[in-house]
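Common to both upcoming complexes is subunit A, partnered first by subunit B, then by subunit C.
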Partner chain A sequence: MKKYISFFRIRFVAGLQYRAAAWAGVSTQFVWGFLSILLFRAFYETSPGSFPMEFSQLSGYLWLQQAFLGMFMAWFLDPEILESVTSGAIAYELCRPVNIYGMWFTKNVAIRLSRTVLRCLPILLVAAFLPSPYGLSAPAGVLSFVLFVVSMFLGTAVLTAFSMLIYVSSFHTVSSMGIRTLAVSAVEFFSGALIPIPFFPDAMKTVLNLLPFASIQSTPFLIYVGYIPPSEGIARIALQLGWFAVLSAVGVLWMRRSLRRVVVQGG
Partner chain B sequence: MIELKNVCKSFKVSKRNAGFKNAVRALFKREYEIVHALRDVSFSIGDGEMVGYIGPNGAGKSSTIKIMSGILTPDSGECVVNGRVPWRDRAEYVREIGVVFGQRSQLWWDVPVIDSFELIKDIYRVDRVTYRKNLDELTERLALSEILRTPVRQLSLGQRMRCEIAASLLYDPKILFLDEPTIGLDAVSKLAVRDFIKERHREHGTTVILTTHDMQDIEALTERVILIGKGRILSDGSFEDLLKKGKSGGTVEQTVAALYEELDI
Partner chain C sequence: MNLYFKYLGILFKSRMQYKASFFMQSLGHFIIAFTGFAGMYFLFDRFHAVRGYTFQNVLLCFSVVTFAFSIAECFVRGFDSFPSLIRSGELDRILIRPRSVVFQVLTSRMEFTRVGRFLTATVVFIWAIPRCGVDWTFGKVAILLLMILGGVAVFSALFMIYAGFSFFTVEGLEFMNIFTDGTKEFGRYPLSIYGKELLLFYTFLIPIAPFQYYPFLYLIGHSDRVWYGLLPLAGALFLIPAYAFFRFGLKRYVSTGS
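Entry: the complex of A and B
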């Protein structure tokens, strides 16, 4: 266990050195957040009745999304890992007494958290002071907040376990570009990153809520804004745990199978 | 103790002729060729030996090293190193070996060297006292004190190679695999690396298996040389005996080249 903690630390600290990138990220997120809110306001003003949630809840959702982008951005895949498979540098990792799944998982979570730590505070702070209903209001309750924190970490775990499947698939292809594009678009669309899940048609919503994608960012954010009450939140968290167990089990087994057949090409 | 018995490994290599028509045809029907990288490779290496493993490009040197270090699984044959089969219980096995690939890096490129070393210490569960002792010794022998705090990306190749070698010795491996450790190094760095390997072998009794194209590495370091060509072991013995098989006269390099040609490998 200690080796994974040390590895987490070294990646986390290394991630903190990219300060300019963090500032650039913060400003992008502000602009993006404002634009999304303006867009949804146009919808809201046309027909407030067909809006599935309160406008302030939606604003809260969007600001949380911007603040915690680092933890939930599906398109982030560690280029070093993909590169190590393509270039054969993975040979070295195979010479170490570590579980590669555990190592890559730790590394991904460390990078995601270090990016988030640098970016979330300024966004949360400004969003909290924006006038209602455009800002981020306090969580729906103490219990909601606790569930939100738990659910957020689980969401990152589910997403990382999903990314691991993409990494393992790269063992089997010369370029993982195709699978990446496809998988990332699917996650973006079905996880509520583009349009929050409450805005989908009812039939689709029922299905989406059961898929692993809803267990990524949708569940924690909707718990925070109170759209999902704490009583239901607990069931959703159980679902997150379930998906994490399934996705990581598939990933571990698939990686074990792939490593048995691995060929590191070239001298 | 390393023992290989009748190890075979083949790879599937896709082939097609040049041109657009053939490229389209390859979309529907792939042609593969089976390349036999290793055919019936057998040898054994005792504890504390220093062995050179030579042969032209594509002869199967790296494949053998990869099998011995647990990265590749052979198609058939046996390989037992210190009583273990490398590719089974890989994680347990690799604790006892050090590997340096001259063409790849094991250090984390965006953090100082010392951070990589600390991480290796935790990965291999080296206790603090042993780590301190090994680090001090390696720092002194490889002249690392100036560069330990530099990020790996800013090191020269010679400096990096010294760090790579140190990294693979921090946990006292019993066996050290060196795959082209002097590739691309200048004369001074080459000599430094050679001297260090020699010393390490003498003082710690580490078993060393070295692949290289640099015949001076072989001359300076190893007593026993295994020659591989087209996946077969062609000779196993002292370097002098090997040279006697080739035409005499000329430099070592020329003699070996003539020998490769004569053996048609």
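Entry: the complex of A and C
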């Protein structure tokens, strides 16, 4: 366990170094959140009756999304890992007395966390002071907040377990770019990163809520803003747990099978 | 110009060495752009219109911006990935060759996989054209082409500014994404829906509205000012300050020495 903690620490501290980039990121994300809210406001003012949630709930969702972008950005994959597969440096990693799945998993979580730590506070602070209904209001309740925190961790775990599948798939292809783009666009769309899941047509919503993608960012954010009441939130968290178990089990098994036949080419 | 096509051919051939990856990536870009379209579809399925514009109206904006962005991204990719030219020292090699810098940066890289995004725009476009309520005359088709060309010019100028900034700092360039990716995302809708202040900003500071909004108003018949159709040309003038800024940065360029 200790070695995983050090992997985590190394990646985490390395991630904290990019402070100027973080400030640029914060301002970018702030403007992005602002534009998204203006966009939805245009729809809201056109026909308020069709809005599936309260406007303040949507604003909260969009601000959380921007604040925790580092945590849930599907397109981010560790370039070092992908590089090590293409360059063959993975041979060294295979010699180490660690479980590769565990190592990569911890590294990924660490990078995501370090990015979020640098970026989330300024956005959350400013969003909290914006006038209602455009700002981020307090969580729907104490219980909602507790469930939100739990759900955030599980969401990160589900997403990381999903990215692990992409890493393993890169063992089997010469260039993993194609699969990556496909997987990432699926996650973006179905996880509610483009438009929140409540805005999908009703029939699709039911299906989407059961898919693993909803377990990433949609569940925690909707719990926070109170769209998902605590009573239902517990079931959703159980679902997150289930998806994490399934995805990580598939990842571990698939990786074990792939590693048995891995051929590092010369050099 | 001959040389340009020669470079184009070479880059295309080298890309074709990895055919499977090329097609997968193009498919990926098709799907990314398509999910953007699907998102809009679901929103309009629920709301039917936004501030007086129908779905079919808005699709015209969507295709113009997506066309322009994909073309600019494909051919002006060299500026978009300019920081890597500086970091690798490739720029020093470019500077000692007897051709213009802009020409060489343009030919240093092209991203043909953006054909996927282009394809999405085409599909949406073909679907939207008969439905958007415009009766197409020769003049209106010309305006539409101008809109796309104007868009390519503005996006190219933005990439050039981005490259200009990378002379001064390698970090913190992320904020330029608001203008490039942001325009690609939010420019799918007529810019006026975001409110008056933003429309002014996007008219005079970053001239997105001259190619995306005003001619669009004329096309869908919300305005009868024909001269709106010529505004994309005015927007294209944005290339001049962008180029000046790039030259300004280039003058101050100190090699990284690698």
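Basically, the second predicted complex is superposed on the first by the 267 of 267 C-alpha atoms of A that agree within 3 Å, B and C clash if a C-alpha of one lies under 4 Å from a C-alpha of the other, contacts with A are read in each partner's own complex, and residues count from 1 in each chain.
Heads up, the rule we're going with is that a residue touches a chain if its C-beta (ideal position, glycine included) is under 8 Å from a C-beta of that chain, and two chains touch if they have at least 3 such contacts.
Keep in mind that this is a model prediction, so the values were computed, not measured.
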{"item": "Superposed partners subunit B and subunit C on subunit A - clash or fit", "value": "fit"}
{"item": "Subunit B versus subunit C as contact partner of A:Ser27, first or second or both or neither", "value": "second"}
{"item": "Contacts of A:Leu182 with subunit B and subunit C, given as first, second, both or neither", "value": "second"}
{"item": "Subunit B versus subunit C as contact partner of A:Phe199, first or second or both or neither", "value": "second"}
{"item": "Partner chain in contact with A:Ala89 - subunit B first, subunit C second, else both or neither", "value": "first"}
{"item": "Subunit B versus subunit C as contact partner of A:Val142, first or second or both or neither", "value": "neither"}
{"item": "Which superposed partner A:Met1 touches (first subunit B, second subunit C, both, neither)", "value": "neither"}
{"item": "Contacts of A:Pro97 with subunit B and subunit C, given as first, second, both or neither", "value": "first"}
{"item": "Subunit A residues touched - subunit C or subunit B, whichever exceeds", "value": "C"}
{"item": "Where subunit B and subunit C come nearest after superposition, their Cα distance in Å", "value": "9"}
{"item": "In the complex, subunit C residues that touch subunit A", "value": "18, 20-21, 23-25, 27-29, 31-32, 35-36, 38-39, 42-43, 45-51, 169, 171-175, 177-178, 182, 186, 189, 193-195, 198"}
{"item": "Subunit B-touching residues of subunit A, taken from the complex the two chains share", "value": "2-3, 5-7, 10, 13-14, 17, 87-89, 91-92, 94-99, 260-264, 266-267"}
{"item": "Footprint of subunit A on subunit B - complex, ascending", "value": "11, 57-58, 61-62, 66, 69-73, 87, 90-92, 94-95, 97, 99, 101, 103-106, 108, 110-111, 115, 118-119, 122-125, 179-180"}
{"item": "List of subunit A residues in touch with subunit C within their complex", "value": "18, 20-21, 23-25, 27-28, 31-32, 35, 38-39, 42-43, 45-47, 50, 52, 174-175, 177-182, 185-186, 188-189, 194-195, 199-201, 204"}
